[in-house]
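Structures are listed in the sections that come next.
In what comes next, chain A is part of two complexes: it sits with chain B in the first one and with chain C in the second one.
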Partner chain A sequence: MLVHSKSGRWAAWGLFGLLFLPLFALPLLVVVAASFSTHWSGAFPSGPTTENYAAAVRGESLQALTTSLVTAVAASLLALAVGTWAALAAATLKKRGKRLMDALFMLPVAVPSVVVGLAVLVAFSRPPVLLNGTGSIVVLAHTVLVTAFAHQSVSAAIVRLDPAYEQAAASLGARPAYVLWRVELPLLLPSLTAAAGLCFALSMGELSATMMLYPPDWMPLPVRIFTATDRGSLFTGSAVAVVLMAATLLVLLAVSRVRTRASYR
Partner chain B sequence: MSGIRFDGVSVAYGGNTVLDSLDLTVEPGEVMALLGPSGSGKTTALRAVAGFVRPVGGRVLIGDRDVTALPPHKRGIGMVVQQYALFPHMRVEDNVAFGLKAQKAPRAEIPGRVAEALEMTGMAAYAGRYPRELSGGQQQRVAIARALAIRPGVLLLDEPLSALDAQLRSGMLAELARLHRELPDVSILYVTHDQVEALTLADRIAVMDRAGLQDCGTPQELYRAPRTEFTASFVGNANLLPVTVAEDGAVFEGRALTLDRGRAAPGSTATLCVRPHLLGLGAGPNALSGTIAEVQWRGSTHRLYVDVGGHRVKADLPELRETPALGDRVTLHFEPRDAVLLGAGVSDG
Partner chain C sequence: MPRGVWALPPVVVLALVFLYPLALVVQQSFSPESGGGAFDAYASVFASQSFREALGTTVWLAVGATVGCLVLGFALALVIAFVPFPGARAVAKFIDVFLSFPSFLITLALLFVYGTVGMANGLVTDLTGAAEGPFHFLTTPWGVLLAEITYFTPFVMRPLLAAFSQLDTAQLEVAAGLGARPARIVRQVILPEALPALAAGGSLVLVMCLNEFGIVLFTGAKDVTTLPMLIYGKAILESDYSAACGVAVVNIAISVGLFGLYRVVGKRAGA
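== the complex of A and B ==
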């Protein structure tokens, strides 16, 4: 802590509360409050009711939750595989090659995601690879969008990985594939799970590219929230949003538990 | 049994030569120390044997096999590095078993060989621990056990003791010497910048400096009769004095000294090397008189710095009853057989 006096510390906490609460916590609290309301015309919402939640966990909403979870799990696993592979390959390249790889993977992040959505839509709307109208086009777009983060996070971990481990393993007679499987990947596991968690969270919340692509039978939760609020069902939308938050946080919590068990140093 | 041979091995990084055509043979079962300051090329030489650097010229042979183009995992070496590099996610026994599993040793054999290697390094009681639960010295023993478990013909040790404190280091030195007695067939290449480690452990020492081999010989040879000034000053302490070679010895600052000039040509300039502990205080043969510049008490010895004719001479003497004071005039002397002439012109006579 930079602040040493007791009163100074209280002041710092006060300032933090003043800035943090309105900026970060309040909007979320408003959504939670709205999810329990029947209508909201004065300073406080009226209610409370659990009817919005009853609607949020059945029928179309439940299906959207499943769709979101399946999409996010599939996209983050794909992104993790592709990103890790690319990061491992890039580690053997020279500086210029590494930069090129980094730039290539960051491209979908730098480009607005609506554009990525449109690009994927145009590219896969015709044979030979006709994905338009299927759920896999959503998974594909999400994978393209989140791979950058998997690649970045694993690349950073590989740089920190002491080459002495790989060399010790090789000197003991281990083939490169054996070294990768038994030494490098286990040592990278904490970063891999962190990357998976990040990709999952990003995919769960993706809206703009998804809007360009989603077929009627593959509507993820953010789209459901958007359409609900767009139709004026603000309180049902809020309840669905809270379900989305809770589901994402639960999965991240589970992932973080794997991470703590996987960190050795 | 397999030795190691460097056959004109050169290594360069981006035009910068870090090892310049090294020729050196480690006999089967021999302990060869590569001794030199940092940047002398000694670690590069070891890494060329391990396969982690690709020479730009020359060949590396292990036994009779040219391994220059082989990847590290096909070379049949054991290696221990300064930072141990134990796999942090594996228990001690799994670390030691790693090489055996990687090389697909028969499954039934593995536990026995792991136990044997751990027994040999005194780590059998720690088989179930993780590396982070061990001290530095224990980690080093596990690293050695891991390298020995695969029964390598060649063991490469890269500054294995430099991360340990002084007391542990001398204990581990004795351990390494014992291990080598138990495994007389293993050739050991031992990289160090510490002359005590090299003198204690090595059958022969290769002295390296500025990317090349300066000198090579048994510790006794290098200590008693170094061939270069670099060897003289790097292996043990040395007084190096400029002299002119004479018929029956040498002349230092106008003083005639008697010593065996060997094949040095009379009249040529040379460097006289005499070890500080071989100098005596008081009159005697080859007397050097001068004034005391500094006195250091080192417990069992006194180190005197004496200015003789503009040169500072170091003398290590058994603890003195009466310590000379700064500025006192004293006389040092040495036996003719205790001095060596370096870098003189050679005569045919």
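== the complex of A and C ==
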């Protein structure tokens, strides 16, 4: 306890509330409030309605939601496969190789996402691989962006893994593939699902790279929110944003349940 | 079979989908489609007013937002860790959730709070009867700064809270018992312990602010152009890919350099 006097403690809490509530709680509340209204011309929104949600779950917005979900699931699974493979392979390397792999796979985080978008657009708008104008270019860019996070959390988990388990399995005659499949991966499962959740959330909210390369028939939710608010339909945009937040939270919640079940093993 | 073989497939995949595209960007920045010398694109980029303005705006916004996040994050983390209140853990959880939302939601929310017909202006016009409210800063760099500080402060708070949880509270009790006042305890006991976490969080936020795109795009201000906005404008709106690639190379250089610094600082901080 840093502050011992009662009045001092209340002063600290008061300051905390004054800073925290308007800065962090208010923005989320405001978006939710706006999504249920038609006007906002005074201190509070007016014209309560659910029409915005009706618009948010049909037509273009519904298509954007499915596009986002498909993109995020595909990108997360791909990123998880590549990132886990890289982390497992790096763990068997010597120190220098390990550091090189680490630097290589962290590089996409250091490069601005807009530049990742530009690079993927430039590279796949020309032969030999033409992806420009298809949905797969968006999935590809998202995969590049989130692989780093998958790799990072899986390699952090591998470091914490007790080598005794795989040594015991190997000494009992298990082949490396069997050790990987029956010992290492099950032990890594909690961090794998956590990494999947992180990748999914990042991909759902990705805007920078997507703006550079999305084709008209593959428009993810964040772009849809931008086009809606850019046209001035702020309230529809808010409803779509709430849908985006809810979808992300639901998946994160589901993933955290998988994690608790796996940790009982 | 050497063990390194298993590392090859993911590296090849990464090279094909990331390193090769990146190399093409660098190559294109040196060979403009319109012909001309290798450094023509750079010469025109550096000479252009828009680039120099964008670079200046990007740097001051990023530095300002980082300083703001550090001060605010430190103050908030101090209260959560050392003046705990019922619900402090829920607040820490809320911060984790906050991090999983995209940044542009903050700008969208600020439109309703400080926009021309938003909450704050509505309150003032209701109270004073004036025709329009006093807040018009959203489409200026200050709006971007406020949004960036709001969005990125949790990124400073998380490593700080982790560092504070390892701090031995007996040190604080001893300092207090010896008669040190809270301000002095913060300055001489807590701050030195928190410095590595502050450095790591601060440099991460600096890199992320330099590369922030969603917040600036949603602000919709014509006079706030950062480097990522400039790349987007050149490539998508003007279809001038050589210029976009030139700006991109500058942006990569700044960002990768700072990120390397963050990794070094972060390793030292153990974060």
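Here is the rule we go by: the second predicted complex is superposed on the first by the 244 of 265 C-alpha atoms of A that agree within 3 Å, B and C clash if a C-alpha of one lies under 4 Å from a C-alpha of the other, contacts with A are read in each partner's own complex, and residues count from 1 in each chain.
Everything below uses one rule, namely that a contact is a pair of C-beta atoms (placed from the backbone, for glycine too) under 8 Å apart; a residue touches a chain by one contact, two chains touch by 3 or more.
Just so it is clear, the model here is predicted, and its values are computed rather than measured.
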>> Once both complexes are superposed via chain A, do chain B and chain C end up clashing or fitting?
In response: fit
> Is A:Phe24 touching the first partner chain B, the second partner chain C, both, or neither of them?
Replying inline: second
>> How many degrees, to the nearest 10, separate the directions from chain A's C-alpha centre towards those of chain B and chain C?
In response: 100
> Who contacts more of chain A, chain B or chain C?
Replying inline: C
>> If we overlay the two complexes on their shared chain A, which of chain B and chain C does A:Val111 touch? Say first, second, both or neither.
In response: second
>> Output check: A:Val258 vs chain B and chain C. Expected answer is one of first, second, both, neither. What do you get?
In response: neither
> When the two structures are overlaid on chain A, which partner does A:Leu93 contact: first (chain B), second (chain C), both, or neither?
Replying inline: second
> Touching A:Ala170, do we find chain B (first), chain C (second), both, or neither?
Replying inline: first
> Which value, in Å, gives the least CA distance between chain B and chain C in the superposed three-chain arrangement?
Replying inline: 13
> On chain A, what residues does chain B touch that chain C touches as well?
Replying inline: none
> Of all residues in chain C, which touch chain A in the complex?
Replying inline: 3-4, 6-7, 9-11, 13-14, 17-18, 20-22, 24-25, 28, 72, 75-76, 78-80, 82-85, 91, 94-95, 97-98, 100-106, 108-113, 117-119, 122-123, 125-126, 149-150, 153-154, 169, 172, 176, 182, 185-186, 190, 207, 210-211, 213-214, 217-218, 220, 227-228, 231-232, 235-236, 241, 244-245, 248, 251-252, 255-256, 259-260, 263
>> So in the complex, the part of chain A that touches chain B is made up of which residues?
In response: 162, 164-165, 167-176, 178, 182-183, 186-187, 264-265
>> Which stretch or stretches of chain B touch chain A in the complex?
In response: 50-52, 71-79, 81, 83, 85-89, 98-99, 102-103, 130, 132, 146-147, 150, 156
> Across the complex, what residues on chain A touch chain C?
Replying inline: 1-4, 8-9, 12-13, 15-16, 19-20, 23-28, 30-31, 33-34, 40-45, 82-83, 85-86, 88-90, 92-93, 97, 101, 104-116, 118-124, 140, 143-144, 147, 198, 201, 204-208, 211-212, 222, 225-226, 229-230, 234, 237-238, 241, 244-245, 248-249, 252
